[in-house]
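Labels run A, B, C and D following the written order; every chain starts at residue 1.
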Amino acid sequence: MKIRTILAASTATTVLAGAAFAEAHGPMTIGITQNNVGVDSYQTTYEQAFIAAAEANDDVDVVVLDAGGDVARQIAQVEDLIQQGVDSIIIWPTNGEAVIPAVRKASQEDIPVIVTNSNIAEQGFDFVASFSGPDNITQGSRSAEIMCDKFKDMGIAEEARVVQISGQPGYTTAIERAKGFEDRLPEVCPDVTLVETQPGDWNREKSQQVMEAFLTKYDDIDGVYSGDDNMGVGALNAARAAGREGIIFVGATNFSVGYEAMEAGDYWGSIYQSPVDDAEAALQTAIDVLNGEDVPFLNYFDTPKITQDNMGDFTKPVF
Amino acid sequence: MKTGALSEALKKGGIWGFIVLELIFFSVAGQFLSLSNSAFMDLDNMLLLLKQSAPIGIIAMGMTMVMINGNIDLSVGATYAIAAIVLLDSMTWPIFAGLGDWVILMSWTLALLVGTALGALNGLIVWKTGVDAFIVTLGSMLGFRGLVFMFNGENPTSNLNWTLVDFAEAEVLGLATATWFLLAVTLVVWFIMTRTVHGRNAYAIGDNREAAVNAGIRVGPHMMINFAIIGFLAALSAVVFYSESGSVNPNDGQLFELWVITAVVLGGTKITGGAGSPIGTFGGVIAIQLLRKGLGHIGADTSTVNLVIGLILIAVLFIDRQLNVKGKQELRI
Amino acid sequence: MGDIALEVRGLSCGKNFTDISFHVRRGEVLGFYGLVGAGRTEIAETLFGLRDPSAGEILLDGESVRIGSPADAIARGISLVPEDRKGQGLVLGMNCRDNMTLPQVDKMRSGPFIAQGTEIEIFDKYKDQLDIRTPGWRQQVGNLSGGNQQKIVIGKWLSMHPTVLIVDEPTRGIDVGSKSEIHRLLRGLAAEGYAVIVISSEMPEVLHVADRIVAMYSGRIMRTFTSEEVTEDNLIQAISGIKAEAAA
Amino acid sequence: MATLTKQEIGTVLAKQGILIAFALFMIGFTLANAKFLSPDNLFSVVRSSTILGVMALGVTFVVISGNLDLSVGSMMSFSTIVVLDLHDKIGPLLAIPAMFAMTMALGAMIGFLVGYLKLNSLIVTLGMLSAIHGLTLTYSGGKNMDIDNKDGTWFDVFGQGSALGIPVPILIFIALAALLGLLLAKTPFGRKVYAVGGNGTAATFSGIHRARTVFACYIISAFCVATAGLIQASRSMGSQNTVGQGMELEVLAAVILGGASLMGGSGTIFKTVIGVLILGFIQNGLLLMGLQFYVQFIVTWIIIILAVWLDIAAKRGRLWSPIA
């Protein structure tokens, strides 16, 4: 124990802090319940990064659970974690409100709860130690800005028509990104019309179908905003198959397929969001809270704009 | 005769044996794999298990009735979501504004009524059109889900009422509210199926519909009643669960039908109708919840959980077939 | 009367029947008479490869055979007109022709496809021969009368040219006119050289149709009568389990 | 005479009801949006229906034989993921047969359980739905699969290529439909499938190997699923694990819309194709009309029940069921 403490002390201050907690309590146990790991590679990469980060830190043990997108299962998992007596719980909510009572139960047991990736509703803020994740509303507005700037460059900001392909109905991330985009677009580009929005369910194939219908229905589409790059690439495939060129595609959560499409010059821009950053930030926030450090309540990690112009500054996403 | 008696015992008690096996496995495996300090078979953990079984378990009781009757209901997940929306939304309706906390009672009643009505609608269609229940409820699974989205678009419907939450989280005699509901429903359904004319007729109809008709049983009303009951129970499950969680996503309850049917079949109810028991279903529900909880306890990931649960379902069917295997001298068709 | 087509020696099948021995010649109608549950249908099913015998031997044209499946039985020239016409004999949703040619569907080929012409020829031949009253081969079998349905099943097996034709309850649920027609038909078949086994629970039927009658009681053969020996009384005694000697 | 004519009309309705309904839909949607009948749109609907359609062809066999296949959706995601992964590892020439072999092995497993062991097909395929999904996740590690060098391969021909101005997926669909249509309608095997589904006991009593026939139906279904997976993979050149999820019910709906009875013994490939097109055109038509996606759910619900009801009603000759 002593050697390990010394080793830890010589590396980083945060780890030092962790070691201090470990000195007093033994290794801290942190439980996480994720939203739906199988559903896309962002969540899978998040899970792997989380486990890797935890393994790299000797003072942390983690219990990793997956709710499979099911609220009931997630609530059961929070109860399980409380019952197992973990030191802290990280939750990636399946529903920003439904988990509030479960979170309250944890806070009544003095277990600090950290919300990750997608926040819970305000009513639950009292029971939460911190939120760590991207700011989805800002992401939506940034996407609107990317699209508007491009239209201005092209000189079509006066008349451009845009369609939106949103994420899985009902998920906070989908709702917030759409809201951010819809609110911001008229502010920056008042003359651009958002013609129609349909959900693509975070699914590339579904989004391709939706886009095919859009293309048939509207002869004039200048831009497509999709809730993530996976769907954006699906829409791009549809446009390519229909031989429609010159459409500006803007997405969010830059997946490697989106990055490649940008390299190829087919896809204009996105929001760079790393699941590794996301996972590490969540774990770090939990450790900081357990060590009694001051943590901002809304602990956003940065998710910058990425377009064909500046993509050289970013490494290609691994997922 | 002895082997017959043994296989009979195995058939009847198979699900409980399976539960015991699960408990032993997860307790032992948990020693090596789990990070938890508390044992898997901790009393608190087991009480929690009962509570967590409630959402699936309450619906599974209804499914037991419908399946014994020779039908199936694939729309329960969507009914569950609709009832949850009615429950949470109606609490904010202006006409109930003056009621104070009495609004809870109104909302509960409304949600249960809506669930019952949707179930009865399924039953009525099955009865009057003669279309197979599988198709009718496959259709309404889509249609009801459409209604869910129509209600509030893609947004969750939320209304966190702390009185309600406190009630739902309360514990009486060490058992959570949800547990009491599960136990009560199990008891009532058991009573209906074994002690009432309706129950006996449901078995008869499921076993051989023509014979039941010839015996003068009115098949249609019995089927409709069972569909109404499963609709009611799907709504009750929603009432119990969402009283505590206070917010429903429009896609909540998806795949519930899969879990519920799995539990019912694990519990020994025949998919072709005519045989099964609510007590067996109770065992099936516990077995599934135990499996989920146990796999989480030992740190299995989503893919393993899916794989294991699918294979177990098939294995149970296979073992059931082996126990019922006919002698070589029986007719091979 | 011809050679022995089928012989059974000491055949047993679990609790269904025990130590059954009999033979049937070409050109002969052998009747099986007994109460329901006496094991007659089970014998037929065993001969047709639907049950495994637990002991005994089946000989076809003097050669010992093992019959593992209905396809096996059909290939060896055994056909069964089953007791439950709607449940076992016919696919009610299919048309008359398809039902009739079902057992030989693999044989009527032209290239990879079914030879439609051959099929219709077969149907027309037996429609005429058995006087099946139907508007045409496209008619669904479910819409025919019981007698015509039974003729379709019989036609199905005659078109396979079997050696041994087993007919289980040939006239159950059939109107009187068709009944006597079917009786005539069975006699005619024997005359043509088929070995026919008729299982029946109706005494007049066996007395009228059969050359010899096997009386069964509780899975065992009580006695085999020739048409000269048989009377209503001794037949009833035999199928009630009363030994002929004891009664005498 | 009048009753006869009425009966005749009934027969025509019963036999061609689905085609009449189809025509009505087309007219309705065309009135609502003139673009609906444009060649571009028709092409695009048919192309996007091919994946569903190819799977429905196989499921038609399974349903006619009197069974169900709820595992086609997750099996399709399995084959898509597998072929994409193997493409970069062993090249498309080997990857495609390897994927077909693996998918058909899964089909053989279901066929064995349902055909030879006579386990209930609903439960078996429900179990397989979950198990294969787990298998896919394990195989992919939950990651998206993408072909690395999308321009340096001919693999995209199945999903994106075209010959004689017709997209390849449509050609595959037509070819497979023709092939399987002939197999079902004209060959001894097809006849056996109808017999086994119509009355399995009678089929056995006629010397047909029921287990073998059912087994073959699941193999055909798996072959179709593998083909659908190939088109899907080639079309998007990359995929998520969720591809195909939930499609089993859509596929089943298409087959039932086409008039195949869940009791088995009835249905044709041609009608299934019509069923697939109806589903595709409803989806497309409602999208073109700008209706919300949930309206599509509700409309599909009503259409499924009406279609099956009218089908049954025409067969039994009365509208309401005889159930007391």
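We take it that a contact is a pair of C-beta atoms (placed from the backbone, for glycine too) under 8 Å apart; a residue touches a chain by one contact, two chains touch by 3 or more.
Quick caveat: nothing in here was measured; it's all calculated off a predicted structure.
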| item | value |
| --- | --- |
| Most widely separated chain from chain C, with each centre as the mean of CA atoms | A |
| Pair with more cross-chain C-beta pairs in contact, given A-B and A-D | A-B |
| Central chain (by mean CA position) | D |
| Chain A-chain C separation of Cα centroids, rounded to whole Å | 74 |
| For chain A paired with chain B, centre-to-centre distance based on mean C-alpha positions, whole Å | 34 |
| Chain A and chain D, separation of their C-alpha mean positions in angstrom | 35 |
| Computed distance of Cα centres, chain C from chain B, in Å | 50 |
| Interface hub residues of chain A, defined as touching at least two other chains | 37-38, 199 |
| Chain D: positions in contact with at least two other chains | 133, 137, 142, 201, 204-205, 293 |
| Shared interface positions of chain B, touching two or more other chains | 149, 153, 301-303, 305-306, 332-333 |
| Every chain pair in contact, whichever chains are involved | A-B, A-D, B-C, B-D, C-D |
| Residues on chain D engaged by chain B in the complex (per definition of touch) | 113, 117-120, 122-124, 126-138, 142, 200-201, 204-205, 210, 249, 252-253, 256, 262-263, 292-298, 300-302, 304-305, 308-309, 312-313, 316, 320-324 |
| Complex contacts: residues of chain D adjacent to chain A | 33, 35, 38, 40-41, 44, 48, 133, 137, 141-144, 146, 150, 160, 232, 235-236, 238-243, 283-284, 287-288, 290, 293 |
| Residue ranges of chain B in contact with chain D within the complex | 72, 125, 127-132, 134-136, 138-150, 153, 213, 218-220, 223, 258, 261-262, 265, 271-272, 301-314, 317-318, 321, 332-333 |
| Interfacial residue positions of chain C with respect to chain D in the complex | 48, 50, 69-71, 73-74, 80, 82, 87-94, 98, 102-103, 105-106, 108-109, 112-114, 156 |
| Residue ranges of chain A touching chain B (in the complex, touch as defined) | 29, 37-38, 61-66, 68-73, 75-77, 79-80, 83-85, 94-102, 104-105, 121, 123, 166, 168-171, 174-175, 199 |
